[in-house]
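The same subunit A turns up in both complexes below, where it pairs with subunit B and then with subunit C.
After this line comes the complex of A and B, so read on.
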């Protein structure tokens, strides 16, 4: 999924992105997501805080979706990839 | 450099579920694996979910350590048949790699292809310049006859519209020694007389057609039998998980490893011995010495650049020295090397000192199967003793040369290191040239994996974060 973004139209509020780094999520793609900031334009990077956290627990319930799990300001993304996370940050 | 792709994640999911079946000793459950991984509602990866499920079956067989080449046997066996066989054996049989024929699409037969950009021009440069007369015009388009084309690339060069493209076969492109190619029927196969077990083909195939025969099942069986088992962890471990390496020590002990030892201990011995050997060799008139800890490069030299073989250090690898120390400290203990490396699996088979070899990917799958959350683990100390920062610095490109430099400081000889960072077709040529004496330095460090062992094919960490974690590791006292 490609995200086309016109940055000038967006005011970047401070966003906390929590990358679940429980063993399952980490091994199933979470490791790569820790470099999220590399995909964000340099002057907007400061407004995004990327944290690694111990297991968030979503993996225990199959209805929550597949790993890796990420929370953007507390909202869960299942089977997360860079595109999905950026999309959520920008669209709120 | 690892590029994660979907085949990697599918493999890890299957591996962790197989590990769970063996940990729980619920062997018949394994027959449900293809349905669990590919449920009815899943979006197919290939043509349909039945093919996907069949692929899961084939991949599971490889993960349990078996060859996947006799489709008659595979079709007529249950996964549990293989699982019971795996429980009874000591370890898998060589070779360590297996080719999953079902997965391989053999990509393209020849590498040149005429796209729709072709304008069927009057010049017809492609037709005129083809040395094998392989190009014909069909339906207003140039068309390359795959049975006669010899891949010379002339047509691509002469087309005025750039309508002819080079289509790589990813595994063939990635192999530095031409060990993987097509047989007379156009199917891919691995020529083990050339293969150096570097693992590049495994990571490059977009269909995941090449697999390692894992020993994950054998390690679990050993733990469940109550055998004393020691984990020897490569220094690259520090960069693999988002935690301090001492937390991994705890995680390993929770899995059932009685002792956890740093392979950096062996690396210290290797560096010290190589420094001495270097000094002796150069003083006696030899022009250069190559390091010896990367088994893929050593195999590459023996099979493809034999002139260089005489320059390779006779010092043994860190894995070997660590195994000796471990045997002395914990006699009778089984020894498992855990690292980023595929070719260590081959070295493990050749060496009676090491019982099993696992990659970090397999270790991650074991942690998942056992429900161990690494971030919640406390720190534990290493067993035997702590290694030095030099030994711990081995897994980064330049790290071995650096260690030899440090240990060799007291010698009078100036060390001029030459680093080969990653083996590819070009660097193999370099090794051939160095073998004939044309080398700009006198200590050649060769790493098959670009970036060093931290970026090996069995690694799971984020290469961007690796460096800072290795630095953190070096500081532990």
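After this line comes the complex of A and C, so read on.
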């Protein structure tokens, strides 16, 4: 997958990305998100902390959206993919 | 479990003859109706499919006769007469060593044409008196069996080997007649002195690996070694699934905190509950190899934390097919290893059904947790002779 990101827009502040590794998120695309760091330019990887979490619980409430769920600095992204996560990191 | 003082761990390891896909040696275990444990090691003449079929036939017959308490001489005679005899070598097409262990630790062993079994007491080889019983003649030779009867105690080990072990290295300058029983005994005693609590699984693996080394990694015959170890039961607790009642979270926490053995928490929600109750963080391991199950997590005081149902389904497959059927060292493999390295496994299963798992949009079908746990328990008891207990919460 090719992801076009303008890295010059990124301010080098620390960002914490938490990927839900619960059952539903894992089978609905979350497994692929665990290698998120491979999609971030090498010199910027240190400013992004990628963590995985046991089930974040969003899947229990349909109003929260569809899995896979990811949190970027505590803010939830539903139906997350690499492109959506990187956009969120850039926008802050 | 033999009695309240020890558990009988039974494991075997095997290498096939070079370029064979099927072993000519067969090792079987089973339990009789009166709770005796029966083991049989049979070596089919030659190698490959034919040898495997003959070894399986004699092992199955021997196991069934012993279960039904049929006279041993009569049983041995029937098996020997059933099997063909090689025209050229004038020996039977299969050997067998049968053992029967009752709940009081009393052992009977019947050997026909296999290397003699080895008994180790206090980590030292201990010869056992043998009665050689003639059981009649076939066309080519007088047949006899070796019969042993003795009692086991805590710490004893009984080792059965095919001649692929004792004859490994045959023809080399250093071991022209093969490794031999005497050298094999010295090797085992060395291991037991260095590691007196080595498990049956690890010991059998070391013996077959040494035999393979003797053969310069080109085994001239199938190499099989089975170890029976009268040990302190290794206990394991598996906690999986939240309770339908929140007030039971405390019971779960207390079970984990007080359990005198290894512990596995299986399920993200379960892990979060126990983490909250014990005030200990959970951290998912992103360095875990990528696989079809989510990565495991760390929690202080717990040996393994995994995701729930996907991991349990994979554990079931691994246990059914054997550890060697899967090479990814993921959470499911680690859980399978912990289960197989334990003797007595206590399952605490939460009764709350996760409705999200039944979403029809899911790309895979997911079984209900308690059904999967029951399947795992049956495999552990019937295939691996473990002791299991189940508690719903």
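The rule is simple: the second predicted complex is superposed on the first by the 85 of 92 C-alpha atoms of A that agree within 3 Å, B and C clash if a C-alpha of one lies under 4 Å from a C-alpha of the other, contacts with A are read in each partner's own complex, and residues count from 1 in each chain.
Everything below uses one rule, namely that a contact is a pair of C-beta atoms (placed from the backbone, for glycine too) under 8 Å apart; a residue touches a chain by one contact, two chains touch by 3 or more.
Predicted, not measured: the structure shown is a model, and the values here were computed from it.
A.B. asks: Quick check on the subunit A-based superposition: subunit B and subunit C, clash or fit?
C.D. replies: Aligned on subunit A, subunit C clashes with subunit B.
A.B. asks: Touching A:60 in the superposition: subunit B (first), subunit C (second), both, neither?
C.D. replies: The answer is second: A:60 touches subunit C but not subunit B.
A.B. asks: Mind working out whether A:38 is in touch with subunit B, subunit C, both or neither, as first, second, both or neither?
C.D. replies: In the superposition, A:38 touches subunit B alone.
A.B. asks: Could you look at A:21 and tell me whether it touches subunit B, subunit C, both or neither (first, second, both, neither)?
C.D. replies: The answer is both, since A:21 touches subunit B and subunit C.
A.B. asks: Classify the contacts of A:74 with the two partner chains as first (subunit B alone), second (subunit C alone), both, or neither.
C.D. replies: neither
A.B. asks: Is A:50 contacted by the first partner subunit B, the second partner subunit C, both or neither?
C.D. replies: Only subunit C is touched by A:50; subunit B is not.
A.B. asks: Of the stretches 166-174, 274-282 or 292-300, which one in subunit C hits subunit B?
C.D. replies: In the superposition, subunit B collides with subunit C along 292-300.
A.B. asks: In the superposed view, which residues of subunit A touch subunit B and also subunit C?
C.D. replies: Common interface on subunit A, subunit B vs subunit C: 21-24, 26-28, 31, 34-35, 52-55.
A.B. asks: Under the touch definition given earlier, write down the residues of subunit A that touch subunit B in their complex.
C.D. replies: Where subunit A meets subunit B, its residues are 21-24, 26-29, 31-32, 34-35, 38, 52-55.
A.B. asks: If we count contacts the way the header does, which residues on subunit A are in touch with subunit C in the complex?
C.D. replies: Its residues touching subunit C are 21-24, 26-28, 31, 34-35, 50-55, 57, 59-60.
A.B. asks: Can you list the subunit C residues touching subunit A in their complex?
C.D. replies: Residue list for subunit C touching subunit A: 268-269, 271-272, 282-284, 286, 290, 292-295, 297, 305, 307-310, 354, 356-357, 359, 362-364, 366.
A.B. asks: What part of subunit B is in contact with subunit A in the complex they form?
C.D. replies: Per the stated touch rule, the residues are 4, 9, 12-13, 16, 241-242, 361, 364-365, 367-368, 372-376, 460-462, 464-465.
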